[in-house]
Every structure is written in C-alpha cells, then in structure tokens.
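Residue numbering begins at 1 within each chain, and the chains themselves are lettered A, B and C in the order written.
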Amino acid sequence: MKNTENSIPRDVFDHLVDLAAFALGEDEKNYLHDQMNHQLNAIQELEAIPLPDDLPTTTHGVEYGDDGKPALRNDEWVACTNTQEILTQAPELQDGYIVVPDIPTKELE
Amino acid sequence: MTNLVNCSALELAEMVRARQISAEEILDETLTRIVEVDGRPGALDTAPAVDDEKKVHAFITHTEELARSQAQEVDAKIAKGEDAGLLAGVPFTVKDIFCVRGTPSTAASRILANFTAPYTATPVERLIAAGGVMLGKVNLDEFTYGSSSESSAFQPSPRNPWDLSKVPGGSSGGSAAAVAAGEGALSLGTDTAGSIRQPAAFCGVVGMKPTYGRVSRYGLIAFGSSLDCPGPIARNVRDAALMLQVIAGADRADATAATQAVPDYLREIERGVKGMRIGLSPDYFRITFPDPQSGEYVEQALPAHMQEAVWKAAELYRSMGAEIIENVPMPNTRFGIPVYFVISRVEAASNLHRFDGVKYGYRTKQAVADLNEMYRRSRGEGFGPQPKLRILMGMYVSAAQYSEQYYQRALKVRTLIRHDFENAFDPQGPYRLDALLTPTTPTTAFGMADVYGDSVMMQYADQLTVPANHAGVPGISIPAGFSSDGLPIGIQLLGPDFSEAQLLRVARAYEMATEKEEWREKKPSLLEGK
Amino acid sequence: MSVEYEAVIGLETHIQLNTTTKIFCSCKADSWDDAPNSNICPVCTGLPGVLPVLNRKVVEKAVLLAAAMHAEIQVLSFFDRKNYFYPDLPKGYQISQYDHSLARRGYLELPIPASADPNGKGYVRAVHIHKLHIEEDAGKTKKERNRRYVDFNRCGVPLVEMVTEPDLRTAEEAGQYLIRLRQLLRWLGISEGDMEKGNLRCDANVSIREKGSSVLNTKTEIKNVNSIDAVKDAIQKEIERQIREVEKGHAIKPWTLDWDDNAGVLRMMRSKETEADYRYFHEPDLLPLEISAEWQADILEGLPELPLERRARFMRDLQIPEYDADILTADHDLADYFERTIGLYKGDVKKISNWLMNDVLRMRNEWGMSMSEMKLTPAYLAELVQLVDEGKINITTAKNLLPKIQESGKNPRTLVEELGLAVVSDDAAIRAICAKVVAQNPVEVKSYREGKETLIGWFVGQVMRELRGKADPKLTQQILKELLK
C-alpha cells in the first residue's frame, strides 16, 4: 500500500501480533501487515461520513420487540450427560484436569 | 425410474411418505452421484493433483454411516406408519461451520481439524429430527472468511459445477456447489455478509439469508455474532421454503433467537405478486471500491448482463401485476463493506480467542518454554492467513485508543444502513416496498486464484449482500439466467424484518414465470447426460 | 524527622451468588465437592458454536444487592466481552458488564468499632462504590511441577463485582468493610459470603501518601486473598513495603501482586497483565438487559430492612446498647427473633437481649441450628421471661427450662405445670410446712426468740428444701416470722 499516511506502524503491528498470540514468520508478517494497511485504507472511508450527534449505535440490525424477545432462563439445573466427551477433546488430560504449561511468577523481597 | 438426485426435496419427501421410494434408495443414488462428481474430500497438507480440476470437491467429511442410520430410521418410521417428518429421506449437507455430535467439525481450519463436536447445532438437529439424511460436512473458506472458499485449510477447495475453473463463491461454497451438482437436495449454509446468497448466485441455486435471529445460531462456530445467519441453500424456492420451515424458530439455547411464530412458508407461496410494491435502487447497480493500485475510490457500474437480469425480472413482476418503484435511495449501501471490515473483525477476533490449544483443537507439537509460547505457536501454526488477518484487524480497530474512531463509528454507520431499509419498507413511508429487487453479486463467478490473496477485493464481492446483514433483514438469491460465457447470474430480493414468507412468494413468482424459459433446461456440464 | 503516611485503599470484591445454576448455562453453580471438570457442559467450557443464556435469578439477586448498597439500578444495561488469554477462561473472553452496568454509584456507611479505632472511640467511614455489575466466574488452576492443572467446574458461576472508591484508610477498615459486606450478603440471602470458599473474593488496590495530602499515588493490586484476616495482613504488609520503598527513594510501580497465604508473602505476577487491553465491546450473543419498573418492584418486594439500619433502629428506638445491637443484628434470623420476642413481651427489652445473648445464642450454637429452626420460639421465650417476672418461677428454674423447651417443643407454662416447677405461693401449703419446721427445730426456735434473728434465713432454707426450691421466698419469710413471734 502506497498510502503511508493510513498505514499501521510496524511497532503497533508487532504489538497486535503479540496481543493476538501469534508466532509468525517474516513473510507472513509482511503479508499480514500489508493487507492490514490495505484494509485500513478501505475503513478510512468511515471517517468522512457525517454522523448526527444523537445517532444511536446498532448492535443487532433487527429490533427485538416484546413479541420477539426470548425470556431469560429459569434457574433450573440440567446436568450435562457427556462431560467425558468434552474432556476427551483436550490435548492433555490428567486425573480429570486439563493440563497446560505453567505461567511463571516471581517473589518480591 | 426418476433420477432421484435431480428431484426436489419436496418431491423426495412426498415419495418417501407415499412409500414410492425408500430413504435408503435415495441415499444410495445420492452417494453414487457424490462418487461420480465430487472427487477427493478436502484434507490438510495435500499436494494438488491434476485430477482435482475435474471434480467439485464439495466435501470435507463424508458421514455415510450416520446417513445410513438416519435413512433406515426414516424407513422404519414409514414402515410403522409413523410421521417421518417434513424432510423424510431428503439428503442434505451441512457447511462444516456447524457442530454435529460425533463428527469432525473443522471450520475448514487446521486449528479445529482434530475436533470432534460433543453436541449438535440446533438447525442441524431440527433437519435430522424432520427426517433429513445428513450426507456430510461440506467445505468453506476457513472460518467462513472469504468469498471463494479457496482459503480453506482443507484442499482441494470446492469448484463451481458450471465451470470447474471458477470458484463456487463463498463462504458457503461447498454447500452451493453440492446442491448445484445434485449432491443432496439441500444444504445448510451461513451468511454473515452474503455467504449464502453469493455462492448460491455463482452456482445457479437458491440461497436465503433469513432475518437475524429467525434461525438459531446455537452450534454455528461464530464469525460475526451480530451478523451470522444460518439459512437454506436449495435448487428451487419451494425447497428453500421447506428447509426454512424446519430450521426456523425460537431456541432456548440462543438468547438472540426471535420468538415470533414461524408461519407456514409454503401455504401462500404461489399466490403471486399482484398488488405488491417491488423497488429498484440505483445504489445497487454500482459498486464503490478502493482501487488496488492507487487506493482511490472508484465507482463502477455493474456489468450490463448483471443489470439486465434485474431489469428483466422487474418487467416480469410488472407484467404479473406488481408495482415497480424505481429510484429508491439506499445511499448508505456503499458503506456496507467498510462497516463490515470493522464490526465483523472485532467480533471475529474475540470469537477466535477461544482457539488457544488448551481444551480442544490444535496444540503445537513443538516443545514450549511456557504457556505464552504454547499459545503463540498453537495459534500461529493452527490459523491460516485469513483468520490471522481478521484477528489482527479486529484487535486494531477495537483497541482502546482506536475504538471510538473505528468501532463505535462503524456501529453508528450501521444504524444509517438500517435506516435505508426502514425508509424503503416503511408502510407509512414514501416507498412502502414489499421487496427490494437487486443483483446478488457485482459479477458472475470469478476464476480460481483470480482474486484470492487480495483480502480487500475479495471482500468487495459482498458489497450488494452485506447491507442486509447489517440491517438484519432477510434476503434471497435466486437464479436468473446465464451470462454469455455460461455462468449463472443471481438476483436478490430483500424484505423487511421477518418477511421471509413474502420474499419466498416473490421469488417463487419469478420462478414460475420463467419456468418455460430455455435457460431453465441448462445443466452443469459436469452433469451432462446424468 | 519522619513523615507520617496514610494508606489509600480501594477494594474490588467479587461475590458469588448462591443461585442453583450458573449464569449462562444450566450446570450447577456450586461444585465445591465435585471432582474436577465434572460440572461442565458445552457452554461453560466455551466449545465452538455455543451461546450464553442469562439466568433470571442472577439478575434478581444482583438487583437486591444494588438496592441494599443504595445504588441506582439501570433500566437498560449491556453485557460486554473482556478479552484476554488465560487457561481458566475457556472462551478467551469473560462476559462481564463494562460501561453500562446493572447499577451505578452506591455506598455503605461503615461503622468502625472502638476496638478498630486507634483513638479508641469508633467512627463511621462512608465507603462509595462507583458501579455494580454481573459477570461470569472463571475456572480454577493449580500449579504442580511446572504444569498448570485446569478445572472448569467454576466457569460460569455468577458473580457480582463491586468496586469501592479509594475511601478506606487502614487495613482494619478494609477488614470491617468485608465483615459488613459479608453480613449484608447473608442477610439478603444472595450469597454464602464465605471468603475461605471463595464465595466472597477481594482484590485490594493499595497506595500510600503523606497524611493530609489528597493526591492519589501509584497503586499496586493485591490478588488471591482468601480470608478477611489475610486481606488485613496482606494490605498491612503492602503498606509497610511501600513505605520502605518510598523512604529508600524508590518509585512504586503499578504491579499486580499475588498473596501467598501459606508463606504470608506477596509475589509479583510476571505477565504484562497491567498493560492488557481488554478490547471491551458489547456481547452480541446477548440482548441488552432490560429491568422494567414492574420487574424491579417485584424483586424489591423481597428487600428487607438492612442490617445497619436495623442496628441503628435498635439503638435509637429500643435504647439497646451498641454492643447488643451489633450482636442482635449479626444475622437476619436473630434480629427477627429478637423483634418478635419483644413484641410479645411486656417488660424491659434489655432483659430479652440479655437472655438472647447469654443463653439462647449459646444453646443455638451448641445445637447448630438457625434461629428459625428452634423449637424455642419467640413466643415461648417471651412467656418464659414473663413467668420469671411474675414470680411464677425463679431464674434458675427458667434457665434449666430452656433446653427442656427446645427438646419437647412444649410451651413453658405447660412444662412448669407438668414438671411441678411452679413457685408454691399457696399460703396454707407453705404455712403447713413452716409449722412443721418450727415444731421440729426447738433449739433454733429458742435461739431466734432470744434475739438471733439472722436465723430466719436458715428457717427459709429448711422450708425451701422441703418444697424443692419452689416456695415463694417472700411469703415463706412472712409466715415464719409470724410463727416465730
């Protein structure tokens, strides 16, 4: 993308990669960074749209009136009968626990 | 004997209920068709083979055993004189973005390649409960992120049955291709920006995106949660209506599934369009996109053959007694894609957070020093470029310092897009439309690899379909002839919230009016003589 | 000369609501005794494709707490996703409420007892909260030999999060806040409020400043503290650490600290969590939560008079001492019991308070039951004390009767009759015994008549012994004096 004004600085990009928890090769980084800048250019169009101050945001297009709104759930216990089936999907399982590498901590003096 | 694979779902179910044919016979014939046309299913780490270009490759997973037992169950019910359901013996496929208990549910991604779902998505459950026979899980863009199905981690990706050098569209490409090629009468797809309607248009079949919330999303591996709609793909309008009948309705597992009663979609489907107001909007006859070289916005009229299909349909409707309202302004249509770039990415980035190698799916095989490295490697190796791109973009535009500039703004522009539709459909408003008639796509199916890799241009293929997702309104794409190079053209009908019955009726009227036209006789070259 | 410091403390509390099921799925909320990963389902383990469905009871309990905290309940609130990676968070985001929470503002007027006041007088500290919201709990992890073991049972347990303003000044005040909060939760019946079991959790934000200053300095956040004593201990240690650092000229860094209760030390978490950008956005899988006026009114019909209000009323209207009022309002049952008792009793309410604090509570604790389960009902207690007041039984008899009432469930008057415990005040009966005693003890009678009038006590004792302690002592003395003239 030639438009540098609308580009995401490399350090911001690297921070996002970190936040997204991706281990990436250089080529992949370059492709993704380039595509992001390209997309950002498409998004910039939004900034030019005049918006009335009182314009509400839309979170779901459809409006849920009282006739269409599902009721909240009653507080009734229904036991799941195939918990083992869920657990067998785990890459590492021991004594019923799902096992992952540790998160290190450090003691203060 | 009738060629069962070409029969409609309605015909099949009727024949099964009338004991003229068994569900197992239908299944056998459909499996034979699949063997003939589909070729090898998509798989991870496959080298391309020359033969791949001659087949459809709709599938990722065949569920023949499951299908067999479902067919036998239907036949057993029929034998006992029990009600075997609206879809008795009708073979269908499921886009592999839905969880189905006991089957691999991959989202066409390496990160879920080894995931076997422990539960079944509500719409799939309803299809099976209605007597449907599930043939398998069909291919799509990885996590639905694309408009060509090429980004699947499971290669070869599906091809367009009308021209195997073209894409079937996406992301429900496997669904549309399967239905077009007679591999099942129906397919369950999802539409977040046009992912049902666009591939339906590319493959010459019917695809409907229902109103947001009309069909439960429970079990649909989420992409853009505020936009995702499961919906039917079928070879004709009545089949789409039948399938919607089965899958629509409230679901206690989905707090956004609307509770309005589901009408009988078939009852009045053939009552025509007399007295209806059908609109045309100039904003749907052009697209606006950033030039890939300069970044400048270019406004471009749709190709003549795409426009003509719509005008021809409008004339037909007029001749059937509908009032055609021209020049309905839908000025915010062009913002659909930029808004989508923001909203869908924010939701997608969050929805894909759960794929972390902890409790299911892919975990890196490499030795790792700590948890963070496990995350980074698992996600780095497990996701393909499209999910990565969407996650990063979503993180960028929702980061605290940019959220106001992009995300909050996009939600407001979404309101403007919704207003366009409210204005057009308002019964007290200036246009009072029953339906808006538009092209489904800017072009017919493009060539394999022609657009793939350019995430922006790929996205603009959805420009005419995505506004309905923002607004939540229903839309349907139906076949409307062919381009001079023999590729299907789709036209789209959009309607107000929960107007599916009406849209299906308008769509069916077109189908009836063009029943005798020559192009209706055409079959995909792949199926010549079959 | 040395600078005097004061601490500035804010508490972030997480309260597990005692609903039957989790907040977004139908699994049990309580899995304290369950094997790891046995109380789970597709929804709370974040399987691909699942969706949350909000538990109505969670909203109702949170609304009660909001009202009790004098907070403004919002007609419309939103759920948001808080995105971060942690192995106990299966979806990679927590469904919480961010900028449009269930309730806003609120406060608790915290009485600090004399025992917790360095000046020994006691005072009131107003503690404000800026918002109250509902969210889902995460699972649990435990560490063993460089591995983390993850248990999802707790995923999706409903929580209320309440964050105080930095209004607290000492570790002791922080402790008092938690004591009062726990009392309130139990009072409302919305949470067990047990810190050891994690039903009530507390993170503390601590900073220090020169006394008298109004600046807010860099704070640290202490996590993982699981008892009120540990909260006080950890805060005290952190205040002392910060003072040491500042006096050494070091800057306080905004660390997140982990409290290790066994070792009694704070540890720094190495991850860059303090920098995290959670990228909050409205949860598209849930519709905005609407609490209509009707629904709110229905919920608040169940809102009782609050413990601190009741405590104040007891002191003000009933002239009960603070010490008594505190004990009598320790739980809702007890306060109700007290009020019902005094409603039926015609006498000094302080007497009932004494009976409750000295005898009834001890018995309740021995029997291990709640006040409402006791067979010794308020009516029976009132009657019992009334019997003493009327001189029908003496106080020793009354105390001995307490367990008998509890065992039999019979009312005190009946028991007194059945067991023949009533004071004998029949003149003729007592007169007969007195005459007998006088006749049988001529030596003592002689001494008395010769002026040793102190012997009257001995004579009364003899009569009492004959009547097994039930004789009306006044009447007995009067008759004896007559006979001995």
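One rule holds for everything that comes next: a contact is a pair of C-beta atoms (placed from the backbone, for glycine too) under 8 Å apart; a residue touches a chain by one contact, two chains touch by 3 or more.
Note that this is a predicted model, so its numbers are computed, not measured.
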item: Most remote chain, CA-based centroid, reference being chain B; value: C
item: Chain occupying the most central position, where position means C-alpha average; value: A
item: Intercentroid distance (Cα basis), chain C paired with chain A, Å; value: 41
item: Inter-chain centre distance, chain A versus chain B - centres from mean C-alpha coordinates, in Å; value: 23
item: Cα-centroid distance, chain B relative to chain C, in whole angstrom; value: 57
item: Junction residues of chain B, two or more chains touched; value: 115, 118-119, 226, 252, 254-256, 349, 356, 358-360, 371-372, 375, 395, 399
item: Overlap residues in chain A, where contacts from two or more other chains coincide; value: 19, 21, 59-60, 64, 69-71, 73, 86, 98, 100-104
item: Contacts with 2+ other chains: residues of chain C; value: 42, 45, 47, 53-54, 85, 87, 148, 150, 152, 271, 277, 284, 287
item: Partner chain C, residues of chain B touching it in the complex; value: 98-99, 105, 107, 112, 115, 117-119, 121, 217-222, 224-226, 252-256, 346-347, 349-350, 352-356, 358-360, 371-372, 375, 395, 398-400, 403, 407
item: Of chain A, residues touching chain C in the complex; value: 19, 21, 59-60, 64, 69-80, 83, 86-87, 94-108
item: Partner chain B, residues of chain A touching it in the complex; value: 1-3, 6, 8, 12-13, 16-17, 19-24, 28, 31-32, 35-36, 38-47, 49, 51, 55-64, 67-71, 73, 82, 85-86, 89-92, 98, 100-104
item: Footprint of chain A on chain C - complex, ascending; value: 19-21, 26-28, 35-38, 40-42, 45, 47, 53-59, 85, 87, 142-143, 146-152, 241, 257-258, 265-271, 277, 282, 284, 287-288
item: Footprint of chain A on chain B - complex, ascending; value: 115-116, 118-119, 211-213, 226, 250, 252, 254-260, 289-290, 292, 294-295, 297, 335, 337-339, 341-342, 349, 356-361, 363, 368-377, 379-381, 383, 385, 388-389, 391-393, 395-397, 399, 405-406, 408-416, 418, 454-456, 459, 469-473, 497-498
